[in-house]
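Here chain A shows up in two complexes: once beside chain B, once beside chain C.
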Partner chain A sequence: MSVAELKERHIAATATVNSLRERLKQRQQLLVDTDMAAYGRSQGRSAISFGSTDLVCCRTLQGHTGKVYSLDWTPERNRIVSASQDGRLIVWNALTSQKTHAIKLQCPWVVTCAFAPNGQSVACGGLNSACSIFNLNSQVDRDGNIPVSQILTGHKGYVYSCQYVPDQETRLITSSGDQTCILWDVTTGQRISVFGGEFPSGHTADVLSVSINSSNSNMFVSGSCDTTARLWDTRIASRAVRTYHGHQGDVNTVKFFPDGQRFGTGSNDSTCRLYDMRTGHQLQVYSQQHDGDDNDIPTVTSIAFSISGRLLFAGYSSGACYVWDTLLAEVVLNLGELQNSHEGCISCLDLSSDGSALCTGSWDKKLKIWAFGGQRRVI
Partner chain B sequence: MQANGVNAAPATDRGAPAPSDAKGKHRISAELKRLEQEARFLEEEISELEKIEKVSASLHELLLQVESRRDPLLPETTGSTSTSWDRWFEGPQDMPGCRCWVFWF
Partner chain C sequence: MAAAEALEEKQADATQAPRARSPRRYTDLCGRHRLQARVQLLSREIGFLEEELQSVEGLQPVSVCCKEVDKYVGTTPDPLIPTYKKRHKSCCFSRWLRAMVCFNATCFTGGCSSWQNRPCCTRRPNGSCSSSGGYPSRSCCSVSCSRLRCVIPRLSCPGYSCGCVCSCSNCTKVRLCPTCLCCISHCVCE
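Then we have the complex of A and B:
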């Protein structure tokens, strides 16, 4: 076949794919007969009501000398690792506010960090396109630094996000500016699988975030600058299981819902969305009018669900931290307006494993712990 | 092609394609294969939609599930609470205005 004939077939195939995508989108739309909030209201539900002193900042973790970019809790509840523009990882005991480890990184441009399931190691990644692993029990070198125990190299772009596979100390997933996600064997440093890239149905732009399903650790979702989220099965790297459309901007953050059947996303388009993993349906859009002019629409940088899923915490570039009632799509609190709140963009946030505390990290160089300090009513 | 005994086009026109042509053809061919595979995946997804229920079908189960789980951050929650939820309010807490630092660096 000549080049000219191939080019003609390429044009025709592109038109076919575009037409099929449109048809898929339209068929999916026909199935969206309601959303979560409309259904919740129809069932007579009303939004959660917080008293002014219910959710309070009960700890401020100070020590970073640059913007905080990322944080992760340990499964055993009280420790946090954070990564900062100052080129350091700090491990905190969130209960006592004490720093237990401070790791000066060889590559200071770190943007993501994660705790291993056993709490003995931490991982970080960034603009060196690699993911570094540190064993917290290692003997420090003569400069007082913890030496790196493994470097995972192979990505051809920045590493934006990393997460250990729950209950598997030796498996980690990263996402990258090279449009792929990789599943790694941390012990050997080898790539086990590459998701996307040369295969169809992979992301077509930088992949900014991943979230592994804690109910089924073979499944994870990724969020990308191509405005989509994609679901992957770690056993089938050759294609994404499903692609979720809806956002109008980069998908900066993805997080599984506690039941493992749904997941949330947050985007540059200033909205969060809730998707059904299995059906692909968009169940709800969480969108709020923001103060300020239209040219300064805040982006959603990070999200997390409370342990029941009733609350969605969303951090914004404006410094707002909205607490959404997920069932009714109403903002019930803005942590950014409470006493002792952050003084800059909220870059990261996550819940402790027992759901009793939220940690937020900010460009104001601090981390804060929020918990419920009011009178609890038990039904 | 020969006509009336005259030789055909000069040798250069009948030689092997230039390396850049072969590379271009290979690239287009690979992209075409990817597009065709993408089209098959999309067709599969469209046919699977026939078996998928509407959004409303799953929301009732979601609502009940969320409301049945205990949650330390809610003012009102089901089931029993745990004293460990309140550990954040035991012992020294955040004191507004306190700027005590431990200088590590």
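Then we have the complex of A and C:
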């Protein structure tokens, strides 16, 4: 086939794709008969009301000498690992605020970290396009550093996000600036599957975040600079199960809803959204008016749901940390305005496995732990 | 004359730029392959979109999804949300008793929750500490405390045996009980 004929086919195929997308969008629109907030109001729900001391900062973890970029809790024992611009991973005892490990990294440009399910290893990734694994029980070397136990190489772009598959110490998923996600065997260092890339249809820009479904660890969702989130089945790398449109900017963060059937996203367009995994419906947009001109619109950097899903915690580049009532789409608290709050951009946040505490990390070099400080009153 | 003219022509030819004999054929193999790959990708995408269009017919509306979310949220307890529970009369006495020694005693539906059975520190008039509930006083804060109160430990502590905290004399923040497995023996100043 000649180049001219190929060009004609390309134009025709592009027009067909756009037309089909438009038809799909219209058909989906017919099913949008409400949203979460309207439904909640129709059920007589009233917004969660927090007293001034209900959620308090009960710990400040100090020790990093650079911006905190990422954090992760252990499933048990209340430890946290954090990654910072200072080129270190620190493992903290969340109860005592003590540091149990400080790992100086060979490549200081680290942007993501994760705890293994058994709490014995940590993973990190960054601008070296690789993911490094450290066993916390290893003997330290002459310089007092924990040696790296495995390096996962294969990405052709920065590693922006990593997460261990729940209950599987040897499986890890990373997302990258090369537009792909990879499922790794940590023991052998081999790639098991590559999701996306030029030939298998996938993201068309950097993939910034992943979240694995804890109810079904074969499914994970990814968020990208192409403004979409995509759902993947680890058993089928050839194509995304579903693509979720709606955001107008980079999707910086994705997190599954606790029931495993929905997930939330946060974006550069300053909104968070709740999507239904199976149907693709956008159930709610969480959007707040911000002061200042259009150039100063804060981006959503990180999100987490409370254990019931009633609360959506969202960290913003402005330093705000809004607590959204997910059922009514109202901001019920701003942790950024409480006593002892952070003094800079909230870059990461996550909930402990028992849902009793939230940890936030910030460009102010600190991590803070927030928990319920109020009383459960008697009616 | 004719020879001179022919010579002039040759010289004129020699001074002109040489013309290509035929147009050169440039085959952009790399670009063609890339274009072909893009067309294949688009064909694949068309297939996926047609499948998705068919599947939309059987999808449930947004309201059904919202109902599922509402139900899940409503039936899942959440430690970060202030909850309001109905008082049970049977709790009243024990609640009153604990209120004598503890601030902010609470009672949960179905009976007093387990945290109330944990030792609760009291301060005797002579300044020493004692614990309630039949627990040995060593389980309570034994150092000089400026203020004693009972609180629910903020973070899960699998081995904790004491619900006591006290304020440091040197510090405005709370100090955790030194006998608690997950507590430390110095001020936790933030």
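By our rule, the second predicted complex is superposed on the first by the 372 of 379 C-alpha atoms of A that agree within 3 Å, B and C clash if a C-alpha of one lies under 4 Å from a C-alpha of the other, contacts with A are read in each partner's own complex, and residues count from 1 in each chain.
Criterion: contacts are C-beta pairs under 8 Å (C-beta built on N, C-alpha and C of every residue); 3 or more make two chains touch, one makes a residue touch a chain.
All figures in this text were calculated on a predicted structure; none of them were measured in a lab.
When the two complexes are overlaid on chain A, chain B and chain C occupy overlapping space and clash.
Once the two complexes are laid over each other on the shared chain, residue contacts for A:Thr16 go to chain B and to chain C alike. When both complexes are overlaid on chain A, the residue A:Gln339 reaches chain B alone and has no touch with chain C. Using the contact criterion defined above for the overlaid structures, shared-chain residue A:Arg142 touches neither chain B nor chain C, since it reaches no partner. Of the two partner chains, chain B and chain C are each touched by A:His281. In the superposed model, A:Ser201 lies in contact with both chain B and chain C. In the superposition on chain A, A:Lys99 makes contact with chain B only, not with chain C. The clashing stretch of chain C relative to chain B, chosen from 8-16, 62-70 or 134-142, is 62-70 in the chain A superposition. Across the two superposed structures, the residue set of chain A contacted by chain B and also by chain C is 3, 6-7, 9-10, 13-14, 16-17, 20-21, 23-24, 27-28, 31-36, 39-40, 43, 45, 48-51, 54-55, 57-60, 95-98, 199, 201, 239, 242, 258-259, 262, 276, 279-281, 283, 306-311, 326-327, 340, 354-358, 369, 371-379. Remark: chain A residues 1, 3, 6-7, 9-10, 13-14, 16-17, 20-21, 23-24, 27-28, 31-36, 39-40, 43, 45, 48-51, 54-55, 57-60, 77-78, 94-98, 198-199, 201, 239, 242, 257-259, 261-262, 274, 276, 279-281, 283, 306-311, 326-327, 340, 352, 354-358, 369, 371-379 touch chain C in the complex. Only residues 28, 31-32, 35-39, 41-46, 48-50, 52-53, 56-57, 59-63, 65-70, 72-73, 76-87, 104, 106-108, 154-158, 182-184, 188, 190 of chain C touch chain A when the two sit together in their complex.
By the touch criterion stated above, chain B contacts chain A in their complex at residues 21, 24-25, 28-29, 31-32, 34-39, 41-43, 45-46, 49, 52-56, 58-60, 62-63, 65-67, 69-82, 84-89, 91-94, 96, 99, 101-102, 104-105. Contacts from chain A toward chain B in the complex involve residues 3, 6-7, 9-10, 13-14, 16-17, 20-21, 23-24, 27-28, 31-36, 39-40, 43, 45, 48-51, 54-55, 57-60, 62-63, 65, 88, 95-99, 102, 199-201, 239, 242, 258-259, 262, 276, 279-281, 283, 306-311, 326-327, 339-340, 354-358, 369, 371-379.
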